[in-house]
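In the part that follows, the structures are each spelled out as structure tokens.
One chain, chain A, appears in both complexes that follow, with chain B as partner in the first and chain C in the second.
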Partner chain A sequence: MTFAEYVRENWITIVNDTILHFDVTLGAVAIAVVIGVGLGMLTYRHSTLAALATTTTGAFLTIPSVALLGVLIAPFGLGVLPVLVALVVYALLPITRNTIVGLQEVDPAVVEAGRGMGLSRTRVLWDLRLPLAWPVIFAGVRVSTQIIIGIAAIGAWVQGPGLGNQIFNGLGRFGGANSLNQVLTGTLGIVVLALLFDLALAGVARLTTSRGLRA
Partner chain B sequence: MPESITGRPGETIELTDVTKRYPGQAEPAVEAVSMVIPAGEVVVLVGPSGCGKTTTMKMINRLIEPTSGTITIGGTDVLTLDPDQHRRDIGYVIQQIGLFPHKRIEDNIGLLPKRLGWSRSRVRARVAELLELVGLPADYARRYPRELSGGQQQRVGVARALAADPPVMLMDEPFGATDPITRDHLQNEFLRLQREVRKTIVFVTHDFDEALKMGDRIAVLRPRSVIAQYDTPEAILAAPADDYVASFIGAGGQLKKLALLRLRDVELAPAPRVGGLPRIVVDATVRDALDLMLGEGSDVVLVTGDFGDDAEVLGSLHLQTVMGAAAGKAGNP
Partner chain C sequence: MTAPVTAQRPARAARGTGRAGLLVRPALIGAGLLVLWWWAGSQQLDSIEARNVNGEVIGSQVLEHVELTLICTALTIAIAIPLGIAVSLSRSRAGRLVVLSLGNLGQAIPSIGLIVLLALVISIGVGTAVIALVAYAVLPVLRNTMVGIEGVDPVLTEAARGMGLSRLAVLFTVELPLAVPVILAGVRTALVLTVASAPLAALIDGGGLGEGLFTGLTLNRPVISVTFGVLVAALALLADWLGLLAETSLRPKGI
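So, the complex of A and B:
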């Protein structure tokens, strides 16, 4: 069977795997945004706490994915849950770090003007710092997405959802019928999904960034 | 003028023995400053870089907390107030302008009124009123700060500080970042504005000529904000307290004095019946008149009520009178 024939014959499974892959990535990024931006907002004012947050989330990223997924089986069992948790862990660094840098690098004159007109620290954070840091934060979100969309494939190893199943099935019986087509489908699917995902995020970035901040 | 602009007249600010010592610093940045800033007046703090002008000013709106001493506004000790509440009653213009780049001009100006709970229509009317007041076209309301020139941004900064109609304004080198021509223009606009709004204004600059032009009173500061002289521009020019103050006045002190004197405040002689004399409008200063005399080679000029050849002649000014004015005799306050 040629690659094209394989895709034509199995397109329902492939589309299904792609959607699940997209879902688990999106879910993980969404959770990571809440945690990462929150962590950034809590720590950006204290240099030691901020450094602690970036080194910790940075250390997460060095854990081999197979090891992390294996460890997560104990508390979360098999399936989507350990994959989701692992992806969140891997997505934290770029979002957290960019949030901290973005919030810290807001023009001090803007903050002083805000404080000077009687805005509280909290209001300055929400009304001034966060919207001004948003382009930087969102750049982190895009990097995180690109990182975990590939890692998500390993999720199939703990019976997680997504295109990783194509790859693992193919590798599991390598040399067998269509095994190469399966690996190819999974890999190309992830690359295409990553491209489309990033394109969509670029659109979201444009829509959620004030026109006053665009060059 | 609509009532809202002149709504809240200025209040007196009083500093008593105010000292600021930054942590880990041997010398205080501001040491035992006492001064009264009368309601409705522009008081200019002038002094060399690092002498404590900004620190002194920011203690008034408590962006910096004094180490000791008291500051009252309208008789109320500002340290007893909630800082954020207190700052909403003080317009603050910072040197770096600090407009909010992600908000349209209307939202920059309207932010505080909105937070104070003004209705949408009232905020919109206020924005329109202030844009007109600072001389910007109404459709600039929809623009973003980056779509304005530096001088235009500076005006928005002033409009934003005036938005909630504060009785007190603090202005830290508000026209610092502009070229001399724009600066002169903004100064004139600001003086016109102040004649209408009558706020109490603390104005910081290190340009003595700007201080002379803008101030009802000038405080010449030494390092640590120690007051070298605190008086009207005329009095400082006429009698500098010491060499330090004199060095600030610099060269051309007499001419600067004449630049403070408007022709309308000078006793004019009757107009001579000869034709062809140079004409000058009564709003000009004695210095302008002197310049005209030198330029035209005439020792007398006609003072008119308005521009134009058929404007009413109010009288004439002679070189003798100008020289008397420099000596402080011709003034007619």
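So, the complex of A and C:
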């Protein structure tokens, strides 16, 4: 069976796997945005705390995904949960670091002006710093997404959802009929999904950036 | 768009840590391994677990893992740095474009897919694992070599040329030394990437710590997968630390 025939015959499974892959990635990124941006907002004013936040989340990213998943199945068992937790952990560094850098690099004159107009510190953070830092933060979100979309493939190893299942099925029937087609489908599917995801996020970045900042 | 950010990370960390700070990491890793040793020792191991979680098996797998990583990293450096120099010397826009877009696309390819695909196309075994791991790790080094050389202030190369140095002498005495920090950051990224992806080699009979990890999962023995998972993590953190040491000690004086 050729690759095209395989895809045509199994497209329902493939589309299903793609959607699940997209879902788990999107969910993990959403959770990571809440945690990472929150962490950045809490720490950006203190350089030691900020350094601690970036080195800790950086160390997370150094831990191999296979190892982390192997450890996470002890408390979380098999399935979506360990994969989701691992993906959130891996997505944290770019988002946290870009939040800290973005918030720190807001022009002090703008902050001064805001304070002078009577805005409280919290209002300055929410109404000035965050919108101004948003393009930088969102660049971090895009990097995180690209990183974890590939890692999600390994999630299938602990019975996680997504296109990784095509790869592991192919591996399980090594050399058998369609094993190459399955691995090819999983791998190419993830590459295509990553490209589309990044395009979509570029659009979202434009829509969510404050109008005055758009180029 | 992803690679420059990953490449920046080591440089940033290197600047933030002082001399005493360099010792914190190995101490933490050592403490983590001690906890693992104590925890594994306190577990009631059944015969399957005892067969996998013992000094002999762990020692040989760690050795295989380190060996695999070293071979792959050496090959990566031997391929990527000369290639990077060649591409940036040729000043061809096409070569640059191909390398950079391959770099972007390469990051989107999941490592597990690449390894299994190559195993299906070539054969299973250590050789294929090495090819896959090297192919995956070449990109950050290649890109950083190019970016590092191109990032050298043209005024400096101009001045060196004006002083009568040949094109080649400029490369070796001006451009390469100035590019060393960026290149080393790429090597460090590649090293960590290789340690981290090497467990996947066990899936195609390539040996290493992945064997224990996958055995633990297949036989549903969390004790085994946790033990080997922590070992792989410790090894990756250690490799990152060694990369940091190399970055601080190999940097030419004056930069």
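Note that in this section the second predicted complex is superposed on the first by the 215 of 215 C-alpha atoms of A that agree within 3 Å, B and C clash if a C-alpha of one lies under 4 Å from a C-alpha of the other, contacts with A are read in each partner's own complex, and residues count from 1 in each chain.
In the analysis below, a contact is a pair of C-beta atoms (placed from the backbone, for glycine too) under 8 Å apart; a residue touches a chain by one contact, two chains touch by 3 or more.
Since the structure is predicted, the reported quantities are computational estimates derived from the model, not experimental observations.
Engineer: Mind checking the superposed model to see whether chain B and chain C fit together on chain A or clash?
Structural biologist: With chain A aligned, chain B clears chain C, so fit.
Engineer: Is A:R211 touching the first partner chain B, the second partner chain C, both, or neither of them?
Structural biologist: first
Engineer: Where does A:A91 make contact in the superposed view: on chain B (first), on chain C (second), on both, or on neither?
Structural biologist: A:A91: touches no partner chain.
Engineer: Which partner does A:V66 contact after superposing on A: first (chain B), second (chain C), both, neither?
Structural biologist: After superposition on chain A, A:V66 lies in contact with chain C alone.
Engineer: Considering only touches as defined above, state whether A:L128 meets chain B (first), chain C (second), both or neither.
Structural biologist: first
Engineer: Touch check for A:E112: first (chain B), second (chain C), both, or neither?
Structural biologist: Touch status of A:E112: first partner only.
Engineer: If you stack the two complexes on chain A, which partner ends up touching A:A74: first (chain B), second (chain C), both, or neither?
Structural biologist: A:A74 sits against chain C, while chain B stays out of touch.
Engineer: Report, please, how wide the angle is at the C-alpha centre of chain A between chain B and chain C, in steps of 10 degrees.
Structural biologist: If I round to tens, I get 110 degrees.
Engineer: Which chain, chain B or chain C, ends up touching more residues of chain A in the combined arrangement?
Structural biologist: Here the partner covering more residues of chain A is C.
Engineer: Touch test for A:I14: chain B only (first), chain C only (second), both, or neither?
Structural biologist: In the superposed model, A:I14 contacts neither chain B nor chain C.
Engineer: When the two complexes are placed on top of each other via chain A, what is the minimal CA separation of chain B and chain C in Å?
Structural biologist: 25
Engineer: Can you list the residues on chain B that touch chain A in the complex?
Structural biologist: Residues 61, 63, 83-88, 90, 92, 94, 96-104, 111-112, 115, 144-146, 157, 160-161, 164 of chain B touch chain A in their complex.
Engineer: Quick one: in the complex, what on chain A touches chain B?
Structural biologist: Checking each residue of chain A against chain B gives 107, 109-120, 123, 127-128, 131-132, 210-213.
Engineer: Which stretch or stretches of chain C touch chain A in the complex?
Structural biologist: Touching chain A: residues 1-2, 5-6, 9, 12-13, 16, 105, 107-114, 116-117, 119-121, 124, 192, 195-197, 199-200, 203, 210, 213-214, 216-217, 222, 225-226, 228-233, 236-237, 240 of chain C.
Engineer: Under the definition above, what is the set of chain A residues touching chain C in their complex?
Structural biologist: 51, 54-55, 58-59, 62-71, 73-74, 93-94, 97, 139-140, 142-143, 146-147, 149-151, 153-154, 157-158, 164, 167, 170-171, 174-175, 179-180, 183-184, 186-187, 190-191, 194-195
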